[in-house]
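Shared chain: chain A. Partners: chain B in the first complex, chain C in the second.
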Partner chain A sequence: MLARRNAITGYSLLAPSLFGLICFLVFPVLIVLWLSFQQWDLISPARFVGLDNYRSVLSDPVFANSLMVTAVFVLIVIPIQTVLGLLVASWLTRGLPGSLVLRTIYVLPWICAPLALGVVWKWIFAPTDGALNAILGIRVEWLTNLDLALPAVCAVVIWTNVGYITLFFMAGLLNIPEHVIEAAAIDGASPFTTFWRVKLPLLRPTMFFVLVTSVISTFQIFDQVYALTGGGPQHRTDVIAARIYFEAFQTFDMGRAAVMAVVLLVILVGITLAQQLYFGRRTTYDLSS
Partner chain B sequence: MTSAPETVVALPAKPRRARSAGRTRTPAIVTAGIYLGLLVGAAVTLGPFLLSAMTAFKTPEQFAREDPLALPDPWSLTNMVSLITGPADFGRAIGVTLLMAVFVTVFQVSFSVLAGYAFARVDFPGREAMFWIYLSTLMVPAVVVVIPLYLMMVELGLRNTFWGLVLPFTFASPYAIFLLREYFRGIPQDVIDASRLDGANTLDTLVEVVVPMSKPIIATLVLITMVSQWNSFMWPLVVTSGSQWRVITVATASLQSQYNGNWTLVMSATTLALVPLILLFLLFQKQIVRSIAITGFR
Partner chain C sequence: MPKRSTVIVAVVAAAAVVAGSVAAAVALIPSGPPEKTTVTMRLWDDQVAAAYETSFAEFEKANEDITVDVQVIGWADYWTKLRTDIAGKSIDDIFWVNGGNFVDYANNGDLLDITEALGADAQKAWAPSVVAQYSLNGSLWGVPQLADPGIGMFYNEDLVRAAGIDPTSLSSLHWDPTGADDTLLPVLKKLTVDANGNTADSPQFDPKKIVQYGYNAANDLNAIYINYLGSNGAALQSGDEFVFDSPAGVAAFQYLVDLINVHHVSPSAADTNTNGDFSRDQFTQGKMALFQSGVYNLANVEQGADFPWSVATMPAGPAGAISVTNGVVAAANAHSAHPDAVKKVLQWLGSEAGSAPIGATGSASPAVTAAQQVYLDFWNEKGIGVTPFFDVLANGTVQAPQGAKWQAAQEAFGPVFEEIFLGRTPVAEGLATAQQAANAAIK
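On to the complex of A and B.
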């Protein structure tokens, strides 16, 4: 009797969210899988084409380029923003006056619309009347130069994320027990040694969290790229999310776009599962040591 | 999937004093160096905001004539006024964005509260399996479901409508449900039992006892959801067209491509898109910073 009442109560409470999850997350994933075997331009009816889309996408140099660009993007952004975040966090946790205000300033870009910030930076990078060239007194085509466009987009994303990364490292650093640091100091460890041999190992859980969440979000970057370069010049900043968007909503090749979405889904689920396995192991290790 | 939030530690409202300040005194030169580093960082962080706002208040004539770094002279509201009242209709875009953000926040948080409570406090058959399914949906990236969601909205005749804009986000967020479940599990069973003994049913208990006790986490979720909705771009870009249901980010992007090079106007648009959030941030600075630390999400 009670079990039945609990079942009714439980599922009634879940009803709205379950409806939303099934309709707007689970069902769409199934549609993407179905779409990846269809040829469809939204005008003529969809047609089953077997693995044609997979063959076409996986042998497409433009898509290979997108994977490459995304990988390079992740490999530039993640190390730089992590090191900068760690550095700023170690500075802001010294109890210096003004730390609180500075922390607020550093977080500001993170809460702002990435699209609007992208547009702001597009002006800053503008060759003739932009702020950066005016400050540096040079004339560089930051966003249309083949070699500079991707680093410029990376710089904007790093600029946006550093404050957010800093917050987590601040929390991690402040969580290290005081006696551990004191013990290191008594043993004659220099601040440098203390940082490398004591603090950094203790920050490992924070480091994992920061790395995993930022790798996953960096893989999906879209707004800033859309605003700054639109994937150009010559596909040099054509990250996966932008490629999927253009394939679906400018070329209207739904089948190919769906294949790209499936590839991205596989990559991100792979990263998440790998981090689960690795993290599970590490946590056990931490407890035993 | 459960490991991520566990690694997040509470962020003290105020950085503690340096632990070793008394013992191993930091040399003044090091402190000065750190301040210099921090101030340069702060200037780089704030610079783009200040420069774009400055440009927004210049007349196009002054911008064309003088150095891009010159202060506005005179301070002009022409750009702002023409954006809000002119054909770009930013007044409407701000209204639509606000409506979308409030609508999604109210329903998403409410429905998430219901589900979070069910997972935390109702012992129904299949609970663990359901929770696992909920958590696994966290892995689905937004860009993957954009295409099918668009096709669904087209089929339902909801493309370029308010419902098309909000429906996918109205019913709950798995992440919010996860956080609420954790919080609700911390509420003592006695409190809930006492309410039940007074004859309250589950919904009464939830609304009258549990929700008032969970104000901090609910406030956190409200702030985070408002911010992320105000900032959202890809879905509105895909599902709307024309000015009727255009949100502020989409309006800014389309203005940018339409008036490429008309930077005083474009910077007015970004200023209008950014200022409400900056104000919200300054008002609720502590809560928002803490929210990010708790949720790890925008």
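On to the complex of A and C.
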């Protein structure tokens, strides 16, 4: 009887978030799954086409290119922004003068609207009258050059995210007990050894959180790409989320867009599970010893 | 203790008495002014939206029971939002559509049949070219609002004179893809200047340090390449089918691409592909001598340019100066909740009084023919002769973009065109690829 009452109380407390989860996550995912078997242009009635959309998307070289571009994008952005975030956090936790102001400045890009940032950076990168070329005194076509477009977009995204990641690493670093650091110092550990052998292992819970959320958000990057390059030149920055948007809202092929979204979902679930397996065995949340 | 049935009867009787009393009280309350119907309208042009506010203020005086709410949605998001709002049944009562974007909705039964709603005679008041552009299956699918005439060429009088060119000669410029009879290119070379003051016809000219461009050859459908196609005897489409990949089409595109990448008299496509306003801004900043565009940029140039400027006829090609002419209509939601009010607003929009404010502010050329003189008068009073935009139509026109799935087609050929103008994809190869992709997209 008591167990039953506890269960009812538990489910009652869960109900609001469960409602949100079902309405805004499970239900849309199910609709996307349903859409992936339909042909629908938003205005005509949807028509069941079986696996045609899957065949079409999975044999489409443009979609394969998008997957490749997204993988390269993630492989560039994640390591750089994580290392930078860690370095900046280490620097800011030393309590140097001006740290508080710098913390605020670093987080500013992250709290700004990504699309607005994309537009501002597009002006900065403009070949003829852009600020960057004016400062460098040379003409570089940053966003239309086939080799520079993706690195330029990566740079903007890294610049946007570093402050956010720094915040988490700062919290993680400040959470490490002082006596652990002191013990390492007494044992003769150099600052680098202390960082590498003591702080970094104790940062694993933070690292796990940062990597999981960063990988997911980087795979889903859209706003800055849309504003900066629109997926060009020659699809060099055509990341998967942008491809889904163009498929859905430029060519109005919702079925194909839904298949791409399903593929993205599968990839993200796979990567998150892999991260969970890797970090699950190596992460301790007990910082007391 | 009373019986259960007695209690039920008593409760029902009491409820009836209360309901009757409330109904009587409501009936005795004096009725207020008639409830207002709000008709919503959306468009992408804020200058015309301001003119509409003036127009609807008059309309609302004569129709006290109707309020018209005008909303502006930016061009960049207009078509995406229109589509999703139609899909979500949250579309406005009246909305602007253009030639490339009305067919899907008309075919799908989303648009009010204007011929049926306002009668066939109503069309007599509107520009025939716009009526023809928006007629499909024997019906008209919107009330004509704007009738852009043809394309013209804005010029900076100071820069033209400084190059030793007589401004009156600009209207007779012609281009030739073979180069045999080309008077345009030599003029453009004289008008393009580098940081050292050398013009593009000088051996010392440095194309990496251009400070003044001659012209705006660019990946611009309406102002540039569709007119070059027409002026060389080619076309973008024939009916709904894309036909730009023809020998004449290749020659026209090659001429444009060479203006940018070989002769350097126009800005790089690295600037213009991603910023549709780049050339206009260069012109209004006094950094471009000739700017080919339509009347839709008259107000922008008038507001932005602080130098003397005027308009010449666009350059002629081997087939003459053949321009595109385009219109915009106000389409109505076929499923509006208040069709009678919508019909009244449509009638107003199609009337001289309703359209005159559009012309009176010079923001656009009205499609209601009786209101067009107001537009001409506005610019004449400012000393700007706009006749080149209209006169060019006497040479004939090239077919404007049309057909179902236009956006899908544009998504297919657009990226290829960007590469063509950047000079990275050979013109013939690019046009063949683009045409195949565009025609596949509309299937």
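Here, the second predicted complex is superposed on the first by the 240 of 289 C-alpha atoms of A that agree within 3 Å, B and C clash if a C-alpha of one lies under 4 Å from a C-alpha of the other, contacts with A are read in each partner's own complex, and residues count from 1 in each chain.
The criterion applied here is as follows: a residue touches a chain if its C-beta (ideal position, glycine included) is under 8 Å from a C-beta of that chain, and two chains touch if they have at least 3 such contacts.
What you are looking at is a predicted structure, and each value in this text was computed from that prediction instead of being measured.
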item: Winner by number of chain A residues touched, once chain B and chain C are compared; value: B
item: Which of chain B and chain C A:Arg139 touches, first, second, both or neither; value: second
item: Which superposed partner A:Gln234 touches (first chain B, second chain C, both, neither); value: second
item: Touching partner for A:Phe24 - first (chain B), second (chain C), both, neither; value: first
item: Chain B versus chain C as contact partner of A:Leu96, first or second or both or neither; value: first
item: Partner chain(s) touched by A:Ser44 [first = chain B, second = chain C, both, neither]; value: second
item: Touched partner set for A:Phe252, first chain B, second chain C, both or neither; value: second
item: Which superposed partner A:Pro127 touches (first chain B, second chain C, both, neither); value: second
item: Chain B/chain C common contact set on chain A; value: 42, 122, 126, 249
item: Complex contact set, residues of chain B against chain A; value: 1, 3-4, 7-12, 14-21, 23-24, 26, 31, 34-35, 37-38, 41-42, 44-49, 51-52, 55, 63-64, 67-69, 111-112, 114-115, 117-118, 122-125, 127, 130, 133-134, 137, 139-152, 154, 167-172, 174, 177, 202, 227, 230-231, 233-234, 237-238, 248-249, 252-253, 256, 261, 263, 266-267, 269-270, 273-274, 277-278, 281-282, 285, 288-289, 292-293, 296, 298
item: Residue numbers on chain A that touch chain C, as the complex places them; value: 41-44, 122, 126-128, 139, 141, 143-144, 146, 229-235, 246, 249-253
item: Chain A-touching residues of chain C, taken from the complex the two chains share; value: 80, 83-84, 86-87, 104-105, 108, 110, 208, 267-271, 273-275, 278, 405, 407-408, 410-412, 415, 418-419, 422, 424, 441
item: Of chain A, residues touching chain B in the complex; value: 3, 6-7, 9-11, 13-14, 16-21, 23-29, 31-32, 35, 42, 87-88, 91-96, 99-100, 102-117, 119-124, 126, 129-131, 134-135, 159, 162-164, 167-168, 170-172, 174-175, 178, 181-182, 185, 191, 205-206, 208-209, 212-213, 216, 219-220, 222-223, 226-227, 240-241, 244-245, 248-249, 254, 257-258, 261-262, 264-265, 268-269, 272, 276, 279-280, 283
